[in-house]
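Each remark here refers to the structure printed beneath this line.
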């Protein structure tokens, strides 16, 4: 998800603009025009950092100097300084909250994603952890980037990323078989085709019809396991990816990982994020 | 926070645009151009609804028919249908996720805000519950609106809403006394002046210097209580509002409310939101 | 009203874009691509300067060098050079009119604001001079900033700055008393509440109901004075600010200032601005 | 200057967005969601109306009903109602100031333009009255439209409207003769070429070199007259238009009109506008 | 590539805005404000129509009535009327050129795409015809949609559609094998991985390393054929798609189709489009 | 058509944004974050270069170093390197296609324009070659600039550039005579008036009514010649410009040039552009 700097900056300015409104009235009343300040962004709890690139891009484009003291994707301990920012004090203070909000939400997402990924790794499974499109509206790009930094899979960010036929498409358009055949005939060869199914038998039908990825929606771990077995038996296992989705959380994820499913997708890592606790501390001042 | 419809729509389109990308490739491959669908948005858990106005504005501006089955700010039980949407099936499906993301985040915030507010009310306290500027970047307006629907106080959304002198301003600009005096002399009469203080003695100094609101930052409940007593004794209590902030959560909020402080501000209701679980179920189809 | 540079630049580009259209056809036909020019912006009449920060931000973002020869808010005599700009001649000429329009409107507003402020000061009164929302549409932010540089009070720039209950709200929503009570119960503690009243008795009612600022609308100086007296007598004077508004001009402002009212608001300083006469003179050329 | 409605609306939303900020907090606190109101926009002084089309476009796009009670370009007497607006009371109140600001500035410009035009007409001259690019930044389109409604000539709105070689171009690029020849050789045939000259002899040189319009910059009426005579004598009068510019005001305009010059351009009608006094009165309410 | 109407309209307004500039000065000077006109868009040459949906969306959003007389993707004969538009004459004339430009470019692309597709079909081959990212900047979405309507494959519109490792990536990042392995390990499971190769041996290496699509860049038909044979022999044919690219045109396409390659991609259908000849004829007028 | 750099950059970012989507997924997966690359843009065929300024502006604004190896408007032979670009490899690769698309379309237009211009020059005629408004929607500014670099005349880019009364205006608004008179009476003096006519007699009527430019629409060369003669005979030739339009191509243009008409306008140079074949070759890499 590489963006040229200026395109990234445009996305970040939206957040700054919303937070600044028609101007930082406190700062202009209290801080001398040319005062200089240096600050550290300090982490107050253990976790995985994300948002360093974004924070630096925003600061630098405002003519603040920014030095990363850690890397995106790196684990940190409490009380670690992760970013040094210095420059015009008014600018620094007016951007403070936006910078912190970006870092704390992205780091929160990276941290919880990584907790799930590590749990699966430690248990010796190979299952991938994917996010859903249940992001904070307007911040989806950054939510997804945080998932990747946490070791997860972005899955779709947008409706143009993948052909993903869900229950509502099937309800409107007809049988799983016919809808997959139609999609295969007309979709671009550059796109994968995934189908959401409610039952093992539908999973088999989807595999027969040529789906490349099958989403097992709201299956219990036992049902996932049976589906994996059946698809293996019928010879489809090597050419379809299986994704378990619905009701999977950090708590029950190992039960799903143990089924041999390829991917588990988890909504809570983006829709119910716990932000990382961070602060910006002024460490030097020149007036 | 009333916005004329078209101004609100512009905000909502940003979210839809991000989610749709260059087009809903699944829907265009599988759903007939003129298919009609009717759907219900159904709540899967208990909570307080927010985002109905936004969901309806977005749907209606896309020529979908939307009927509210509940009101913004109303409590709901699990399995309640809160919104009926009907119209062109392609349009409906391509807007589904954006509509659900708005509703589930806003309702999540309203619900957790309301839980805190109710807890304080039930305990017989009058303390107001305020949010902070720790919102999802780009979604701040809606986060704040959800707080209000949950019975909370929006506090600042933007840096132009209030003069709020924080620790970092003081570090750069000098003493509490001098900075408040400077702000009072130059701020618009239309704005209130709030000061964040780290100690009881600073609270007294801030009150003397003319602060209209004093934020007691990271005070223990005991320290808040002592500060309230001292300010009362010194005669400032009737003309300053006191806000406790920092480390306050749903769990410990009653300890703060019991101190007689006017406002408690809580970051977690917006920065660590738990989204409400919602789904959109197709209930009628015409091709 | 401090804005981070890039956010300010975005506002300024709107003006440049409108003035440039699809390109400066004269300049591209007549000026060599790499010609260099240096110019002075010269004031032709006495006044108070505003817009230097904006002019410099615009020029610098276009890679022109800009040096302020005076400060925002400083008084100038005729024939004073206030700004030196140098760099690519095509860029300089294509930005000339936008730079001059910003400087001349803002300086015009600062000058007339300052004339009123000085008149009141010289007469020994403490009355604040406030502007209204009667600004040039799209240029409001800069109109307000010019007012402040002229020594005036910005008052509201936007409808989210202050709760200001006007005659039309009251006509629609009911009695002054009930509407203030409703507002006080539901408004954020971070916002002041002002009420516009048409009579002395309504002013008293508003004070009783808890208004923090009372706007005396279209009162004669005598009526203002009587209202001040009555409110003083009834003990409200120390906790309400009084603003006289409607029909106040540079000519009659001392009559209002003499009443003891806290604020006078004057529409003409922004809605009927006289622009300052300025020109941009090329002083050096290199081809 | 006809714009398709939606393109016009986009321009108008910028103004509304700036005035509304993050929401009309007064209206949402005091006015019931579904309250209905009807209002009249009433003129308080004599003048010429402009901005009706814009006010209606803005109101209608916000789902308010708007009926023009007068036409753009029509003269009005004090106390005339010029526009009836009705619909949702919250929407109406939140758009009130933007609507009034547009109408009052545009009508102010149309009125003063028309006063100059009428003065010239009454004196029996045919001189056209043109505006300059000295407009309110961001509102230039509407300033120019108001000039046209007042009977004036828009002249250039943007740098792509006309090749207009000014003193600064000549200072940088060389002699009047060579610069005109260069422009004629390379400019599009679809564009006119105008040259600003500081003296009668330069006017003759410009005419010889092929300028289609010659701007006599800061000429006294006597100098204009002499230039007109000389150009007539030399046979250029029938193929060049002459524009007098610089220092021309409503007061001295007849002296210039009397010289036989084709156009007089006047900065003050747009840069030092006097806004028309207008109010919006609620005349009917339903809750 | 389905877009909700309002999102599509925003794209279309960019084009209209560029064409209209600050207003249609001819129309406002010559056409009465409320004149009504009805027009037909008539095709002057044989071809395949595209852009009807876009033309209708633009017209309808401007309050013009639009009726399709043919369908997107349908073949037409010369002198066929394809669209009826009626409504306000000023609006209709100011949108005329934008509507025609969209229809003529899109129909030109659909027509030439379809000519290639039909040629391949008629010869009895199954090869897909894909476009490249060589589109008109800013119009790429519509170029791609026209390709699809002509029976072609959109391929990538954007850099986020597909992992496509090209020669320049390999030059910078290392061997084909290692780069594919790296991509497979870190790319989202939702994305396909394609690799561009310069030789048959590299094609084999790419297939071994796990590429899902292999682009044979600048291969002669003979080389393509040999590569197809070799990959078949080595057992990769059933799990990789082969795309021939570079130097393929309408003229030589059958030579490539005959090789058994899956996809041929052709730049000229979008980068060297021949627009379809269309006109808009007024057929009814009411003043 | 000179634009200040930042205004030009905004136009260019639209193209980059569309091509990049939510990020260059290939580059971020395969290219190290700090890899450096240097590349040459190489022309594969003979032609005239346009777009160097745009390519450099885009690259430089992305912090890439760009050096022009040829000038806009210069002729090139096959295998010429025209631009050197170096810097961060990820940025370079993510901008590659946008840069090439701009250069190849603009150079294609400049080349074909220049071929027509040269043909006319070589034949000893003075006829100007003009483009039409038949541009790629959204890319019109650049299409027109390429025409100018190729030696052609931009003609109108937008509806505000010129009063151009076309057949459809006349059909709606009445006779040629009355419509020209109306336009002359009300159009700004700064704008030329052109009229499109279908016959020689209408051309004479238009000249009599005061048109400054007459467009002879769909005339055969013979008809153009007769019209030129007649207008000369009637004494209008020295004060009207004549433009032949409709059905003129590179093939038949000399027949039109031979008639003595002033301008020939040709749609195909912009609406049916053949892009120039270009590639970007990496020549140096540092990791």
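We just call them A, B, C, D, E and F in the order they show up, numbering each chain from 1.
Convention: a contact is a pair of C-beta atoms (placed from the backbone, for glycine too) under 8 Å apart; a residue touches a chain by one contact, two chains touch by 3 or more.
In this text the structure is predicted, and so the values were computed from the model without any measurement.
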| item | value |
| --- | --- |
| Each chain counted as touching subunit A and subunit F at once | B, C, D, E |
| Chain whose Cα centroid lies at the greatest distance from that of subunit C | E |
| Length of the line joining the C-alpha centres of subunit A and subunit C, rounded to whole Å | 44 |
| CA centroid of subunit C to CA centroid of subunit E, Å | 52 |
| Contacts with 2+ other chains: residues of subunit E | 1, 20-25, 27, 94, 141, 157-158, 160-162, 188, 191 |
| Touching residues on subunit D, where the partner in the complex is subunit C | 14-15, 18-27, 29-32, 35, 37, 39, 89, 93-94, 96-98, 100-102, 104-105, 108, 133-142, 157-166, 168-169, 171-173, 179, 182-183, 186-188, 191, 267, 271-275, 280-282, 285, 287 |
| Subunit E residues within the subunit D interface of the complex | 9, 13, 16-17, 20, 22-25, 27-28, 61-63, 90-91, 94-95 |
| Subunit E contact footprint on subunit C (complex, rising order) | 21-22 |
| Contacting residues of subunit B [partner subunit C, same complex] | 1, 128, 130, 153-157, 160-162, 188-192, 194, 213, 239, 241, 243, 262-263 |
| Touching residues on subunit D, where the partner in the complex is subunit E | 1-7, 10, 141, 157-158 |
